[in-house]
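Chains: A, B, C and D, in written order; residue numbering restarts at 1 for each.
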Amino acid sequence: MDSALIPKGVKRCSIGQFALWIAVVGAVLLWGVWAMLLCYFRGLNQTNMNNAYGFALWIWADLAVIALGGGAFFTGLLRYIFGKDELKHIINYAVLIGFICYSSALLILAIDVGQPLRAWFIFWHANVHSMLTEVAFCLTCYFGVLTIEYVPLVLENRQIDRLPFFHNLTHNMHGIMALFAATGAFLSFFHQGSLGGVSGVLYGRPFGFRTGLLVWPWTFFLYTWSAAACGPCFTLFITRITEMATCKKLVKDSVVELLAKIAGWMLLTYIVAKIIDTVYWAAVTAPAMGLTLMDFYSNNPGSAYGLWILIAEVGVCGVLPAVMLVAPGIRSNPSMRFIAVTLAVIGACLNRWVMVLQVQAVPVLPFEGWFGYMPSWQEIATTILPVAYGIILISLSYRYLPVFPQEQELNPIEGGK
Amino acid sequence: MDQQNGNTKKYGMVIDLDKCTGCGACMVACMAENNVPFREDDTDKLLSVSWMRVYRLGNGKPFPQVEECYLPRPCQQCEGHAGHSPCVSVCPATATDYDMRTGIVSQIPTRCFGCRYCMAACPYHVRQFNWWDPIWPDGMERMLNPNVSVRMRGVVEKCGFCFHRYQLATDKAYLDGRRELEEGEYQTACAQACPAGAILFGDLNNPTHAVHKIAQPDSTHGGRPRNPKAFRLLERLGTNPKVYYLSSKEWVRKAGDNQVQRTEQTPKA
Amino acid sequence: MEKPQVNVTSAASGHGEKEEGAGGAVILFFILGLVGSLLVGWVLFPQLLYSKKRQPVDFNHDKHMELVSDGCESCHFFRPDGTYSGVPQLAQCIQCHEEPNGEDPEEVKFVEEYVKKEREVPWLVYSRQPACVFFSHAAHVKMAKMDCVTCHGPIGESTSLKVYQANRITGYSRDIWGENMLGVKRKSWDRMKMDDCAECHAGAHVNPGSVQTQKDGCFVCHK
Amino acid sequence: MKIDRRCFLSFIVGGAAGTALSPLPWKITDDLSIWSQNWPWTPVPPAGETSFVTSTCTLCPGGCGISVRKVDERAVKVEGLKGHPVNDGGLCILGLAAAQLLYAPTRVRGPLKKVDGAWREISWADAIKEIAAKLADLRAKGQPQSVAWISESDRGTTAELCKRFLTVYGSPNYFRTPSIQDAYETALYLTQGQRAMAGFDVAQADFVLSFSSGLIEGWGSPAYMFRARNAMRQNGGRISQVEPRLSKTAAKADQWVPIKPGTEGALALGLVHVIIAEGLYRKNFIDSRSTGFDALKQIAGASYAPEAVSRLTGIEAKTIVDLAKAFAGAKKPLAVCGRGSGRIPGGLQEVLAVHCLNALTGSINQPGGVIAVPEPEYIDWPEPEMDAVASRGVQQPRLDGAGRDGFPLARYLLNRLPEAQTAGASAPVQALFVSGANPVYSLADTQAVAKAFSKVPLIVSLSSYMDETAAMAHYILPSHAHLERYEDVPAALGFPKPILGLSKPAVKPAFKTKYVGDMVIALAKAMGGPVAEAFGWESYEACLKQTLGNAWDTLVKNGYVVDAKFKPGEFETPSQKFEFNNPALAKLPAYAAQRAPGDEKSFPLTLIPYDTMRLASGPIGSPPFLVKALEETVLQQNTALVDVNPATAKDLGLSEGSAAVLSTPKGSARVKVHLFDGIMPGLVALPRGLGHTAYDKYLAGKGVNTNALISPVEDPGSGFEAGWGIRANLTRA
């Protein structure tokens, strides 16, 4: 039925099967949309946020998806600026994942604000001192860049490509993609950094606060770095998942290994920097504000925020995957590589989690206790909403667009069309 | 508009914890003055809007050595470094600002679009979000004060040292042809109402004002109090607040700045 | 070699022919869309956006100005506490209008409908600002010695009250945004938006208080 | 020309371009943001002219001066009146929230009559006519004494009008709600012969010994006590608080002495014992201004030696001796008693013991001491003409036995009325008026009270609010709210000087209400005959103006008249001295510590209700702001928290926040546990003022009414209500 839309030389499941799959994911999406509408019309009382948790699950999801979407800018940077030409076989997918991540982030932000009708004030009445302003501007701009990067892929659809105008447009756009990659990298550096700055500048919150360079706290650089390290890991992670779902090899091992190797070295250097930062913070920054390291990790109900969380983030999901990806022997093993990138992805999420949630959980006033928080179903549904949306967009893109240039070569169809 | 007059004011408070009885009159005076909404169930203090909150502090000792102290907490009106209070610089839409001429951190709910970054930034939990639409039971909207705008759902609000009273006091002064306010002409609702007289309000920059005389702010050290009985909440964060507390008890003074062993005081939701 | 070339040409020409005819339609429809939406945006939209209301009673400012001794402040006075009384209340009007002074039907209506029934006139205030705005008339009139006309225009010379246009979305008078849909103003009283306040307040004579904007602080005009 | 898809697309693109070039999207975006700033369902208070009305607060007997801020005709806020001798600008939390009471949704908006269990609106004229007819019936049947009237006060023109009505009608059964004032007034009369109210010159004292009195929890005139406490501490004065729980007063005192509840009087006698034994008393006062010192010596004899008192009170003997020495050693010591807010009842025995302590140090009618503030005497109306029915009626014994039946000292014993009403076959009260009181909520054992009230064929509530008593009534004749009426405030409770205040209407009555005074006059007029003749006034306002005479103008202007040069009068006992051995006193049984009712085996714990400033526990229900201001350790959602010592909780297997069932011999309630180191082990404390069944959703159904869990305790000898708690049990829910 839709075979005319499907790229040449590849095999796709039947339309019925596909429709069923979309319907299932679509149901989840609708559940999320319902929750979103509740939040819009009844207000944010639908969430379990409170005056101690002004930032919660949504902001974490925002920070996490943006970090994981960092694969787009970093792979682009490697491909177009540093000339790692091999990565052209995965760049499409990296861009798509980035596009999904960033559009999701914008969507979540639009739900998160108390007065969505006034959300444009962030641009119109911008306060240049605010990290969030920087985030909003760079995020929006970079989302524009990602759209421009994604559009050529859409235009490569068999039917669209038949029109000369679009065919030429695609060609020309490819020609200037390096410029966009550079712009994207520049913008990403700043908004990934400013997201790090979001908690790093909070000098009223000793858990989040970091000293830094000029106006930028150390978390500014750590975030950019970790996004560059974990973003590609997430691209590899999703690629692997896609391969598992489609039961096909989609990207050659050499490409995957190259990206994994670069990500590994990024992760290793990042984690060293993170450890130095943590030690300096624990030994110098926080004590100067009257709190010791154990004030941040002890005495809380159910040990939800025990030292384990630091060990998990820096050790199990930081040092360990870094070493695994750097060591050629382990890296070349697909299963070990998959474990490593998965750990790295969890590590990035965990880092964003503590930098959003734990910052607010830790009591700062001496006569207050720890603050607990458990998201409401509306928050969870609206957070799953972009996941469902992402799956649908990936499914559609995979089905109708030549996302994986090596797919045809890796999965030859008998008789060919 | 003090266009000719260059000298700036720094309105601040001195709250004598030895006098404070924890009665809560300041909270209600504030709510009535500032059109603070209330809900059928306002017992979850983390969902409730109360610009002024009286905390109950304990010395953490068992019966019968236990001691208690009550600490009213309005907005601390942090000056931070050169007006960069923790919350002001983070607001993306310039909905909050630090006014160098009065030292007050303003909050404009109609500009705010509810991102809540300022709430995450404030260590004093001074900033509160309107999770619900403010609803007054039929007829009770008649008690609303026209000098303070009612906040809508989805925005952050906080204490602004009853700034509308400053506006009204200056109006009167202007009509009389004066530019300067006398001490006491501008008072916050809590200071006015406190039946124990525990809250003093005035210009910390003015050596003739009681608040200056009592707190003795050390301008060379970010306003640190020179009065040995005085302290500020979380002094070491460098928030440079304009609310000074007085206590003759050492454990209270230490509790104000994370210098005592932490003890679980009140359960949190 | 030839065949494909011919094919290409013919295909191109055939294609081109079709495109030419369609191209005209495309441009026409573009223009139709453009002009139509411009008309909607510039002509129809303002009609729909604003409702037109008549004041409950007409009022002749000019006639009253001749009779009073103290200009605008005769009726729009300052209260002893420094606040501004704004639109006069019935109690003030009654001082002269207990009974109709003349035969003007509007005055008769005023006396019959409001004075006799002791009902306040629900005047529609052209300059009514949102609840979050604090405007100190004392600061502007008494301290800065500004005249009323600067912001309110020559309303004192008017002989009749103009139609009140209320924005159906915001509920405020059109005079706040200004008559001009683009918000262009020629005279100082053409608009009453925050930017118009800020324009003056950004002037050198105002000592900036705001740390964030280096302009006047928010609480100067907000409550 | 062919119209195809591309034309349509082109049209859309052109339209989009045109729209973008028109003001439409931009103006709508801007207008929508302005709309979101002024949502039509978010109220905008109308601006107007600000004015202030000077008045006196009548929400409690504290007598604070208030300034009602108005914007045009709206009362926006109530603030303290600067320069007022009682509160000087400060105001308590309830007074500050008063505008919420004025505009409360539970205001009764006009006269109501209960028909088949449902409220029907009725006109004032009809309501008064119907009630007058029923009263006339009772009178015709020769039972005028079966009409009773309950009020919070028995002073001032309003109370006098009600009493006058009962008198000319023919009933002696006027009741004042029980409070510690009953015992204080009796104690002053017995020892000093003065018909007076007790004032406390806390400000000038230098050592205040408080027996469970919540000096900063609403005791006396709340704002005055706050200021006086500060003033005395500023001058180096000290406060010792003897109390089972670390109340706010205890926490802010210089010394907290935990004591077994109910043994405060025993401690007072123990201190008397030490002071006498060590010869620390003021000899000049004892020798020249008192009699019967030997009797006191005997009372506080060997059985009140420190060791014995220590066993009773749980306080170490050394502490008792030290306390006695500190008290007697102070220049101007002052001992006060009356638990909590000082408006809850207490026994005479205890008050006498504490009063004797004051006498030993001469702290009677002296600066810094207990001051006998004479009852106001400005009401001087001609004696009413009584007909035979009335004369016979008022000669009948009071239904509560006050003044006779072994309770010769008491004037009112409302606590004994419920039992009297239900004891016999026929109910003695046939008609009941309730004004300014909410007995169904505030008397101990509310179930018994409700049962007794259900046996009254005619209950007329004069409440402004739909409170518990009003809900039980047959008619509600709503009074003006306190900011809508004239009323004289004859005294400020606990204030050491005579002061007369005037409550003035700040706003016009919002509803079809009538002030109690006017209602009484109207009812009397409707009754006709001698009853009507006794009420010659045109209106309550006219009556008040005439009564206050010369003071009226000053009162209207300032809101109060204070006797600044007041000197306490001389003792009026037969001996003209302070009598430790008054004959009436001698008849009282020997002092015994009050035990909490209930069986110790099934109820191993003791429940003590406590007062907090953040809850109104009197006849007025807390407005929403007060409930909002409650700490999270007092109320969570609709469940009240009980204070329990961590050791006790551990024994019971309870932890912070545990759901539990609190049971007493009178009933049980679901509560949550709050671990509090500031309470003696074995006790459970619950705040007073919660657990309303009436009022609005901001108050009703929240927490537990302590009065529903406790039972009345009769003070031996005086008959006063003397309950302070009850045996209880706390089990995991």
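Simple rule for what comes next: a contact is a pair of C-beta atoms (placed from the backbone, for glycine too) under 8 Å apart; a residue touches a chain by one contact, two chains touch by 3 or more.
From a predicted model like this one, the values you see are computed outputs, not experimental measurements.
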item	value
Central chain (distance from its CA mean to the mean of all protein CA atoms)	B
Between B-D and A-D, the pair joined by more C-beta contacts	B-D
Between chain A and chain D, centroid-to-centroid distance (C-alpha), Å	63
Separation of chain B from chain D, taking each centre as the mean of its C-alpha atoms, in whole Å	32
Gap in Å, rounded to a whole number, between the CA centres of chain C and chain A	46
Separation of chain A from chain B, taking each centre as the mean of its C-alpha atoms, in whole Å	39
Shared-contact residues (touching 2 or more other chains) in chain B	44, 48, 56, 58, 84, 89, 91, 94, 110-111, 133, 149-150, 152-153, 266-267, 269
Residues of chain C engaged with two or more neighbouring chains	81, 83, 130-132, 212
Residues within chain A bordering two or more other chains	115, 118, 121, 127, 129
Touching residues on chain D, where the partner in the complex is chain C	1-4, 6-8, 10-19, 21-24, 27-28, 31-32, 34-35, 37-38, 40, 44-45, 47, 49-50
Interfacial residue positions of chain B with respect to chain A in the complex	44, 46-48, 55-58, 71, 78, 80, 84, 86-87, 89-95, 111-125, 127-133, 152-156, 233-234, 236-239, 255-260, 262, 264-269
Parts of chain B lying in touch with chain C, wherever the complex brings them together	1-3, 6, 82-84, 88-89, 91, 94, 96-102, 104, 106, 108-111, 147-150, 160, 163-164, 166-168, 170-177, 179
Residue ranges of chain D touching chain A (in the complex, touch as defined)	29, 32-33, 35-37
Chain C residues within the chain B interface of the complex	78, 80-83, 130-132, 134, 136, 138-139, 142-144, 205-213, 217-220, 222-223
